[in-house]
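Chain IDs A, B, C, D and E follow the sequence of writing; residue 1 opens each chain.
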Amino acid sequence: MKTLPKRSKKPGLAPGTLVYTGHGRVEPAQISVFSYSETAFDEIENASIDALHAVKESQLNYWINVSGIHDVALVEAVGTEMGFHHLVMEDIVHPQQRPKLESYEHHLYMVAKMMYLDASGNAVSEQVSIVLGKNYVISFQERPGDVFEPVRERLRTGKGLMRKMGSDYMAYALLDLIVDHYFVVLEEVGTQLEQFEDDVMGHPSKETMGQIREQKKKLITYRREMWPLRELLSGLLRDDSGLIRKKTHNYLRDVYDHAVQVIDLLETYRDLLSGLTDLYLSSLSFRMNEVMQVLTIIGSIFIPITFLAGVYGMNFQNMPELQWEYGYYAAWGLMALTALGMMWFFKRKKWL
Amino acid sequence: MKTLPKRSKKPGLAPGTLVYTGHGRVEPAQISVFSYSETAFDEIENASIDALHAVKESQLNYWINVSGIHDVALVEAVGTEMGFHHLVMEDIVHPQQRPKLESYEHHLYMVAKMMYLDASGNAVSEQVSIVLGKNYVISFQERPGDVFEPVRERLRTGKGLMRKMGSDYMAYALLDLIVDHYFVVLEEVGTQLEQFEDDVMGHPSKETMGQIREQKKKLITYRREMWPLRELLSGLLRDDSGLIRKKTHNYLRDVYDHAVQVIDLLETYRDLLSGLTDLYLSSLSFRMNEVMQVLTIIGSIFIPITFLAGVYGMNFQNMPELQWEYGYYAAWGLMALTALGMMWFFKRKKWL
Amino acid sequence: MKTLPKRSKKPGLAPGTLVYTGHGRVEPAQISVFSYSETAFDEIENASIDALHAVKESQLNYWINVSGIHDVALVEAVGTEMGFHHLVMEDIVHPQQRPKLESYEHHLYMVAKMMYLDASGNAVSEQVSIVLGKNYVISFQERPGDVFEPVRERLRTGKGLMRKMGSDYMAYALLDLIVDHYFVVLEEVGTQLEQFEDDVMGHPSKETMGQIREQKKKLITYRREMWPLRELLSGLLRDDSGLIRKKTHNYLRDVYDHAVQVIDLLETYRDLLSGLTDLYLSSLSFRMNEVMQVLTIIGSIFIPITFLAGVYGMNFQNMPELQWEYGYYAAWGLMALTALGMMWFFKRKKWL
Amino acid sequence: MKTLPKRSKKPGLAPGTLVYTGHGRVEPAQISVFSYSETAFDEIENASIDALHAVKESQLNYWINVSGIHDVALVEAVGTEMGFHHLVMEDIVHPQQRPKLESYEHHLYMVAKMMYLDASGNAVSEQVSIVLGKNYVISFQERPGDVFEPVRERLRTGKGLMRKMGSDYMAYALLDLIVDHYFVVLEEVGTQLEQFEDDVMGHPSKETMGQIREQKKKLITYRREMWPLRELLSGLLRDDSGLIRKKTHNYLRDVYDHAVQVIDLLETYRDLLSGLTDLYLSSLSFRMNEVMQVLTIIGSIFIPITFLAGVYGMNFQNMPELQWEYGYYAAWGLMALTALGMMWFFKRKKWL
Amino acid sequence: MKTLPKRSKKPGLAPGTLVYTGHGRVEPAQISVFSYSETAFDEIENASIDALHAVKESQLNYWINVSGIHDVALVEAVGTEMGFHHLVMEDIVHPQQRPKLESYEHHLYMVAKMMYLDASGNAVSEQVSIVLGKNYVISFQERPGDVFEPVRERLRTGKGLMRKMGSDYMAYALLDLIVDHYFVVLEEVGTQLEQFEDDVMGHPSKETMGQIREQKKKLITYRREMWPLRELLSGLLRDDSGLIRKKTHNYLRDVYDHAVQVIDLLETYRDLLSGLTDLYLSSLSFRMNEVMQVLTIIGSIFIPITFLAGVYGMNFQNMPELQWEYGYYAAWGLMALTALGMMWFFKRKKWL
């Protein structure tokens, strides 16, 4: 059950009170600022609010990446500097949001879930908030991570369109990375599915059933994240705030297509996982059939002849057969005949 | 089945006849009046209809909370004073309504279900009617309870936006509390689910199955309450009566998001509960397999050798083996060989 | 299967030929005429077509109730007098219609199914046709029955709004009665469900399964009646023929809400009934497990020791144990040990 | 699987090449022409294309019925004479079309499936193409059959509206016959369902399961035919080609209602058939329970006492009980007690 | 699991970098150019980019078929020559696209999946990209194949409308071939289904279950390809780019109908395959019943009489029956009676 998110905001808390409700506070919060134009590029690690203010004044495009949303004060400082509605700030620090797109006067606020495999190969989900303004993108996440590294790299090298296009293209690039990482996670799921299938067909065990259930729960979670993400993307395509330029539409349509593909895969995997339960049950049934067949065959052959042996073990004084010279061999013959008859019967039933 | 609501209004009763159709009449009915502005605040416990009339005259915002809807006369008095349509009054005193939003000339009428855990940890559901007028909110419920206590507290202390915003914000605050309490109840459900899962995988019993079914019924009820509540909220967002101010929209959108999250969780839990039935069946099947395997193995090993023992217990006069000096040991050898053969067979089948 | 309606109109019959296709012709057909205004009220039992014509001339509101639609001639006479399209007359006398709303130039034609419990507590369904004109309502049904009695009573006493409002309110009152009677029938279903559940958990029998299936069929029928009835009601709310006055809208909305509640309940019961099949299967599986466990335990304990007894029943001449003074007791000891070993094994497996 | 249609048009065939792809070429193709007005009526059996041309010239309404669509040349001749698009002609001779409505400049083209019971009571499906022009209806089918006989009869006798209304009413009459014949076929299905139910509850056999599956396949086919037929009818109701007169609308609405009823029935039967699989499984489970109970009871009673008998069949020299005078009777007593104990145990478990 | 597509584009790759992500590079890439008008026709095998440029200049209609999309450079050369957006070029070389229709300024870009049976009868799926411009169609695929051969043939012979109509008709012809090949593949599936059914009813084996699952996965894939293909076709019908002429609409509507038929078949097969799992389980259950019945009957007949034999094998000194002259025969009689009693019992239960 640990894969199911819980929402633990105390009911009745006045809106407007910033409280972090996530769990893992791994590293100190930190702001990175990237300002860029087609020709210029500047990167400030560990920027202060003042540095941020300075960048805002310059007319360059800029991307601010805040990692460590547990640092509520920092988030509030950034939000105040950039003029966010306090509900936006609340949503940023509550990592149990549903992916969504909200339109405010001067910016678009997006929440998405970022999936990636951690060092030990487990799928980890993290909330990313992206605020898209006229010439800036501000992203918030908990762990610094390196999911966005390719974007940083492209900014630094100036390759591709990264520095040539506006901040809407930057938001697209981040969303593209988020969606593409789902493919990586789903490939892992696909591999697991194949393993489960082999297990279920070969040696159905309780453990496999438990693992299948765990996987099913994970897929449910991914699904709850992807469907609204798809809505978010289609919302961006329909957006009329003027923040999304025409030229970026083709790119957004491309991410949207990828998101639909992810959902397709998710639904396919869900279907296949559900099918596994049936497969497990029929595999068990099949095995039970085998087990019972063995018992029935052995039972049906030996029970009647044991009875015959029992008969000639009776102690009646007057039992003529016992006196026959070849009585014993006749008894064996009778028992062999009975057993063969049974075997012929099972042969005909195709049980043997 | 006790979780399923019943509607027992006698068919054929003329509309307009007020009859309370709920069950628990716990405490005497009571009116609390809270009048407030950004600077002023007044609270009247146990207010009379006259006090209510006085508050209405003052130009302040006010919130009237009526607890004890079994007191039909009181509800009628309040309703008449405030000018409610008699169908509204009927709906208030029939606690089997479906959550809904109805628009009347001077006010909006909303019905919702309030869920909370009572002292002994059981989920209790109660109908709340909220009437939102230009500068007032009137809420009706059966039990006084303290679900709305945080709002009272914020009114008293004047913290937050409570006293600064209009009555639409007050209605929002009540709805927010109602939705947030579902999370508390659902967290309880989540814990139960984990318990069920362990039970079903470990020691599937009839009791667990019964409890799962009870839980399923509860979730069905919650679902029947939440879907229309979500409609109610989206109705408020689309409302064009002028009673919902622009500024309050962001807040309502926030509750709406929470309602969607509750529904997401509900659907997830429903999925997981349904899966448990399959798990239970496969758990039983698995156990049956084990049971049968034990019987089959023991039967298959001992039935043939019991037959052999039976053979040498026969009383034929002419049975040469019986005279052999080491006949007895040879018989033991034969029986051991047979048993070992069977065990080898089961080993190969991976049943041992 | 008797709960499934059949449609037996001979294919190829020219439209326009009136033939009654129902089954139960219980009582002679009969027309009751109620004419009323706020101050006046007149009731004619067993009215003739002439009386009907007279009432039509008076400018009063009137309600004509025709019971006994098997009397095709009578229906045709009434229909001709009131100027019905011949397709309407056909639909009235074919009691296998789907609930629907049809708009004609001077009136609205509605078909609904009326459910009630008969004297012996069985749910009975009957087709009711309601024609709503400017100042009249004409209802057709087969059995006189007393479902509409409360309306008659309210007309007679003049209580409530019955005589103050127009014929649209009269149509509403009839529909309200029809919808409300579903609650009565569903309450019965609820009680049955509880009984089934107890049966299935306690002593799953074939009979219960058959009854569950019968109940399922009934719910399917109710559903096929309620969904179109809901459409009918929402059609009335959207109607633009001018026959439905503004003031009646709130009342119709109320019936509509009740219809939605009935559908909610129906879907809930359907869900619960479907769940019962799973419960039945798992109950059987559980019982089978118990049965097999008993056999396995007894078999596994006694089969090995019976073998031991068999061994010492062999007649070999040279069997040293047989000569031992305490051989017999040693054999008992060995057998007891074996049995205890088996019991310990089962104890560890938690089967005992 | 024979109930599933196959489409065997060779891929890559140029559109415009007429090739018949059906199977049964039973009788020579034939054209019947019926020309009529309110006062006149003429019928030509085995008409030639010239006769057809003559009728076209007369200003009467006419209905041309072509049976034997395997005669591609004939269909092409008729089509060319009437000015059909070559895609229409192709569709007419490919009897694997999905029911559909297509609008061309001068006529509407409809494809439907006609179901009827053949002489031996089997449901037979056949494709009917209907072309509706300003004053003509042309229908194409394979077998002459007598499904449309009632229409011919009404034309001949001049009863009803047949000759008074236009060709749109004629098209309606044909569609009405097609839809009504589904009721006949479904009644047969209903009877089968009852039979299956009795079989499954009474003596679940493999054959029943196979028959249920066959029936399921048939229902799938009917469904694939009815849903698009309903669309066709609703398309006719929305049609704005001017070929459907206002007066005919009420009649088309009537057929549409019947089509919806057929679909309702189909869905109901599908539901019930699906339920039968569960019923079958639970019936088998129930029977297995019974079987195992018998084995368990007999096994549990006799295995222990057989063991006791075995004990006293041992040949130890020193077995004091054997010497007791009433030892034999004591042994019987012990065995009886054991058996009774077991029976008491089963009684308590309600297995006896 | 091999039937599930994987998407292995490395996340973070800058859009605009062309990398082939398919697997099978079978043959060298190759361009064929077909230029045609009603009177002229020219075919260039192994055309160069220059040849392509020349054709572009001529005012003829032309079709360029590029096989071997692994040759990224070639695709880029063609794309640049024709002025494609670089996202189009990317999609062409990534063979994991979802079928879709995209509208660009001068052309429509379509992606579809082509299914065909390869030499060994296995269904093979391949991505086809079709770009439709004013007077040209350019198609991209991996393997040269001969699915499009009929179109080439019709171009060469000049039969049919191929050369008379514009490039939109050419695009239609290609799509028609693609859709029609699905029927061929589905016919194969139908045949398999019949085989499975026989296997499952006759001798349910684990292998069949595995094959059914494989088939189910294939159908899921086909479905994921067909639904978007249907959308593509309906998109073409609604297209307002001016590239689809009015005259071609009837033809596109025809392919659309075929696509709907394919989907109908797919859903039917899915239904039938799902049903097979139930059939398999019930077939196993039925067989288990048979197996257990045999064991129960044999056990119930022989266990009691073996007990009787055991009783008379006891060694009590005082056992009067043993001395009776006809004791032995009496014992046989008793045992026969017991066995017959049991058989009568089973006969009555209809187990024999």
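Methods note: a contact is a pair of C-beta atoms (placed from the backbone, for glycine too) under 8 Å apart; a residue touches a chain by one contact, two chains touch by 3 or more.
On a predicted model such as this, the values are computed, not experimentally measured, just so you know.
> Can you name the chains that touch chain A as well as chain B?
Expected: no chain.
> How far, in degrees, do you have to turn chain C to put its CA atoms on top of chain E, rounded to the nearest 5?
About 145 degrees, rounded to the nearest 5.
> At what distance in angstrom does the C-alpha mean of chain E lie from that of chain D?
Computed value for the inter-centroid distance: 26 Å.
> Using mean C-alpha positions as chain centres, tell me how far chain A is from chain D in Å, no decimals.
Between these chains, centre-to-centre, one finds 43 Å.
> Quick one: which residues in chain E touch 2 or more of the other chains?
Chain E, residues with two or more chain partners: 281, 285, 288, 292, 295, 299, 303, 306, 310, 313-315, 319.
> Touching residues of chain C toward chain B in the complex: what are they?
Touch list, chain C to chain B: 149-151, 154, 159-162, 176-177, 180-181, 183-184, 187, 190, 193-194, 197, 201, 250-251, 253-254, 257-258, 260-261, 264-265, 268, 271-272, 275, 278-279, 281-283, 285-286, 288-289, 292-293, 295-296, 299-300, 303-304, 306-307, 310-311, 313-319, 349-351.
> Given the complex with chain A, which residues does chain E contribute to the contact?
Touch list, chain E to chain A: 1, 4, 6-9, 11-17, 85, 87, 96-98, 100, 102, 203-204, 206, 209-210, 213, 216-217, 220, 224, 277, 280-281, 284-285, 287-288, 290-292, 294-295, 298-299, 302-303, 305-306, 309-310, 312-315, 319, 321-328, 331-332, 335.
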